[in-house]
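Okay, handing you the structure first.
The first chain written gets the first letter, and so on, giving A, B, C and D; residue counts start at 1 in each chain.
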């Protein structure tokens, strides 16, 4: 086919960083995560970063579902919590030893391990369930609501109510879930002592590796035909239907992917932070996940990750200085970005890039095709049609 | 039998509370498509208004009645400011209004904390609302009867206003076809502002009424916002009727589930029922049939 | 249209996978069942610096979020105690340097900030925490880092950590005396109302065991989700159950809605008193005095306690924070905790954790509530139990006192009826 | 973003004359649909109490470029909505021997029914190429979907050429001119392999030259596929329609050749009261031979 560079090609290319840039970006990220951070940061700060990486995993999924798919999911805390609780149950059972009973159950409950805890005695089953349970729940729920064309604001509100219900359910089952206390006081992670600094560093590296893998998965999904289809569904669900696709299936798939990513993030969060409680899964943390995604740039690949890490980092450092100031800062930042810069900070970067020279071969891009027009406002149009 | 009647009243009363909280949302979300998460904070502002009015007037008997219209204005003005600064540029992206207003809600809560202090404050219920009216062996707390009455008055006024005043017709015209309405000389900007003013003002009234039942603190609104949105979603968009039915139904369900199980389980059950219901009627209880597609 | 080679992707994936594998393989630390694990578990190599004129301590309270309402007051009284101690020459001649952190009402943040205070700020001890969840989240941190936490709030018991000093009441210093009092008043049936979380559930377990052994009927037990705002159904149940008294373990905002509903439904303290264990002077203003006057509370301290120490404490507190401020039990327990730590350090003549733990037993303080003494076995404090009645002035007045400090018994081992509890 | 490169403007627009691509695209695998026809019987759509479409019978065969006209609110779009599963209807609508009513929209689409919309609805944030590629891919398996698109599928390439958008293949669809968007939509129908094409006002807002080009394209497509065009433009209709169905108040008012319906007094009456039609030469009046709606049906 015709390989002559076309003027129109330049336009398209300007929207996408070149392959070399993407490669360099990943390499830089890998070096930063695997080499620089462990050397420069104190164990405490490294532990914090590990926690932020877990939260960033949720953000990757949200970036896919919301930025690309237009599904504003206000209930990712549910899947984060599922993964976290499953992992925490395993750690509690492992600490208790074979046939043992987790301490809190004998303190507050009957001292009997309920049947649905039993599978988590096996490490393999736990890892499997951390992926399966959220996938199945998200699949069923997604399929149910998407085939009935519950979408836009309705979906957002339903997912939010789901988070609220999930937190209430957890709190109410104190004897088996630890109630508001949640699950905590873990000693070991698959046999490795959690208080050992070497093992803590290992956990950090695992989190960094998993996050990178997730970013690669997200990238593959974005650049694939599925990614194009996803944008099409976001911008014109009915139109896609008239082309012979079932948009419900597309949405369900991306919803499941986001759920699994959140669950894996939650599962790693538990050994790193040492606690999971309903305070980490309800309505407020669920919306909190969105903050970083929105600020970083919802429709981009790295925007959600970087945004999420930056926001977490800012929250920790700013709130150390000004406890109540942080809330004003966070609120104001969120308002300004969403209202005036819907593409997030990533769109600023891209806007600046447009001034630069075009890469030599326009078609040689290896980066996710970003559907958002750079100017004036990349509006992921979501169906807000009331009826 | 007494219990049944008691719970019936409890459910209706809870329904009226939900209705008050959701009525303004039915306007701003249902009619304008704006998902205003700060609606709860407008309620909070109404509640603090009642507190301030009481401090100024002193007499509890009068201050509540004064606080209702003042609360309406306070909520309305807050809404107006929000609309004029942020919302008006976002009508075409409803999901983003959700996020922006969530940020606004955060800030408003912190403002309340910094202005009024973190601890809850108290509004004294007027003497004429203390105690209960006994009807057929059932004690009906006067405060709850009062809230029921406020809810009924609000609904009645709103539906009459929407149906038969020129303002209401303008609102409905803009809601149904913005472009056409503008072409017919209706200023949609003005109408948007007015709708948002009234919707937010209703939140203010709800806040004042709630001082009779619960605590007045910075987080007052967050306790109601999720339920209020569920009411609007279940009720369907575009008509007040759906909101009224949904609020009543949710209130009754919560009351009876709570009686037979526990408050926590009841909340989860109500959620399950709503999801199941939306499977049957994805657009809610009452929908305006429309031919506009794609 | 040129076809793209997949090489870039593949290399990249390979790169990071390889990196991951390498680091995972090389970075294996101690396993739990490997020898020497216990040694590595307590790797809390302390960085506390006591060489200078000052010593750092950490205050960790929620200054933002939902719990800020309560925890800010504790923070205030901790600051007061620190200022007093510094004015009086400090601890072992060293001035206290306060590092404040905000727990943000989230357990994970408490754990994170506790780690920071211990490992980055190198504080000698941490004072703070309120909810059980925050304490449970911090406990593993303090144990693994081998540092000290002073926890100032009455709680559900069933815990004793060498690294935590519990300066609020445990169950046998608050709930059990409250039940004793009710039994003494001839109460034969109880209705239990609580928020749905660990303290009420554990408290109610104890109450049920007590009731079974003392011929008291528990005629109802209801839990409301935290932040629940509509109590008409629960009050309906209370009313129809017609118990002699209500035992209330509701938390925070829910109390407001509950008591408004309670008085609106025509229930009064005369016919069915409510005994609350989570309502202190701070909360009464928010509930509205008219809704709670005449109701009962169980604590170890009230602002009205008549001791010279309390008069000085209240005066100093109001001078610092305003005449309209009230003092409450958790504030007083926090205030005590700093003085108790001072006493332990001075007895040990050392800031080292092990020395402080060693010296803790028997350290006492003439607190505003009366004399309090540290129990070296379980790290709780011997305190006097007080049942109070809420007055028209919005303050709580002592109705009944255990007269003597009660020795702490967090696992209720000294009570026959409680043997099956845990 | 509005600066669509000037070089490309020269060669945009359907290019039917050089139509190797047309043959390639339209000629592929039409055998299974050959001599298929759309058959609508007793179709009825109600919204609440309002009957939008009332007992419509309609038969359209291959090679018969059918225009559907009528004043606003006559039920034209609703009829298309019903056939494509967007509006629920009673009665029957069969294509290729299959009943369409009561089935999901995407299943109907997979059976070869495609449509366009009054306002061109393309995926504005995707490129022209991506739009067409998606349209071509409803039957792709997960394996294909999850891989990156490499190269351009043959039908997409042909469609690009056919609708004259080859040069703009990598342009974001949102910045296309109005007419270009409508061509893109038609292109999407073609690669979608639709054999029943329902086009809702495909030439609205186009220049005269663009209309001519579009008309030629439709005529070419109509010879191989079943095509129904909803259109208000009478001049366009006279130039390209093989037959016309007139709807009014949800019912079929008349049907036949252009001349037939122009002389139909019922049609004249309806249209004289309606300002919608921009017809420069009104029908010749009441003295023309009346042709009843039922009689003209035989022409179909």
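Worth a mention:
Going forward, a residue touches a chain if its C-beta (ideal position, glycine included) is under 8 Å from a C-beta of that chain, and two chains touch if they have at least 3 such contacts.
Every value quoted in this text rests on a predicted model; they were computed, and no experiment measured them.
With centres computed as the average of Cα coordinates, no chain lies farther from chain C than D.
Here the chain at the heart of the structure, going by C-alpha means, is A. Centre to centre, using the average C-alpha position, chain A and chain C are separated by 34 Å. Averaged C-alpha coordinates give centres for chain C and chain D that are 72 Å from one another. Averaged C-alpha coordinates put the centre of chain A at 43 Å from the centre of chain D.
If you average the CA atoms of chain B and of chain C, the two centres end up 36 Å from each other. Multi-chain contact residues of chain D (touching two or more other chains): 86, 117, 121, 148, 151-152.
Under the contact definition stated at the top, the residues of chain B that touch 2 or more other chains are 110, 113, 222, 262, 264, 267, 289-290, 293-294.
Multi-chain contact residues of chain C, defined as those touching 2 or more other chains: 1, 4, 64, 196, 223, 225. Contact residues of chain C toward chain B in the complex are 64, 66, 68-69, 72, 196, 222-225, 227-230, 232-234, 236-237, 239-240, 253, 255-257, 260-261, 263-266, 282-283, 285-290. Those residues of chain A that touch chain B in the complex are listed here as 70, 72, 74, 144-145, 148-150, 152-154, 156-158, 160-162, 164-165, 168-169, 171-172, 236, 238-239, 283, 287, 290, 294, 324, 327-328, 330-335, 338-339, 342, 379-382, 384-387. Interface residues of chain B facing chain A in the complex, by the touch rule stated above, are 29-30, 33, 35, 86, 89-90, 92-96, 98-100, 102-104, 106-107, 109-110, 113-114, 222, 226, 229-230, 233, 237-238, 262, 264-265, 267-268, 271-272, 274-275, 278-279, 282-283, 287-290, 292-294. Against chain A, in their complex, chain C makes its touches with residues 1-2, 4, 8-9, 11-13, 15-17, 19-20, 23-24, 27-33, 37, 40-43, 63-64, 101-102, 104-108, 111-112, 115-116, 119-120, 131-133, 136-137, 139-141, 144, 158, 196-198, 201-202, 205, 223, 225-226, 422.
Considering their complex, residues 1, 4-5, 7-8, 84, 86, 104-106, 109-110, 114-115, 117, 121-127, 130-131, 133-135, 137-140, 144-149, 151-152, 157, 167-172, 174-175, 188, 192 of chain D touch chain A.
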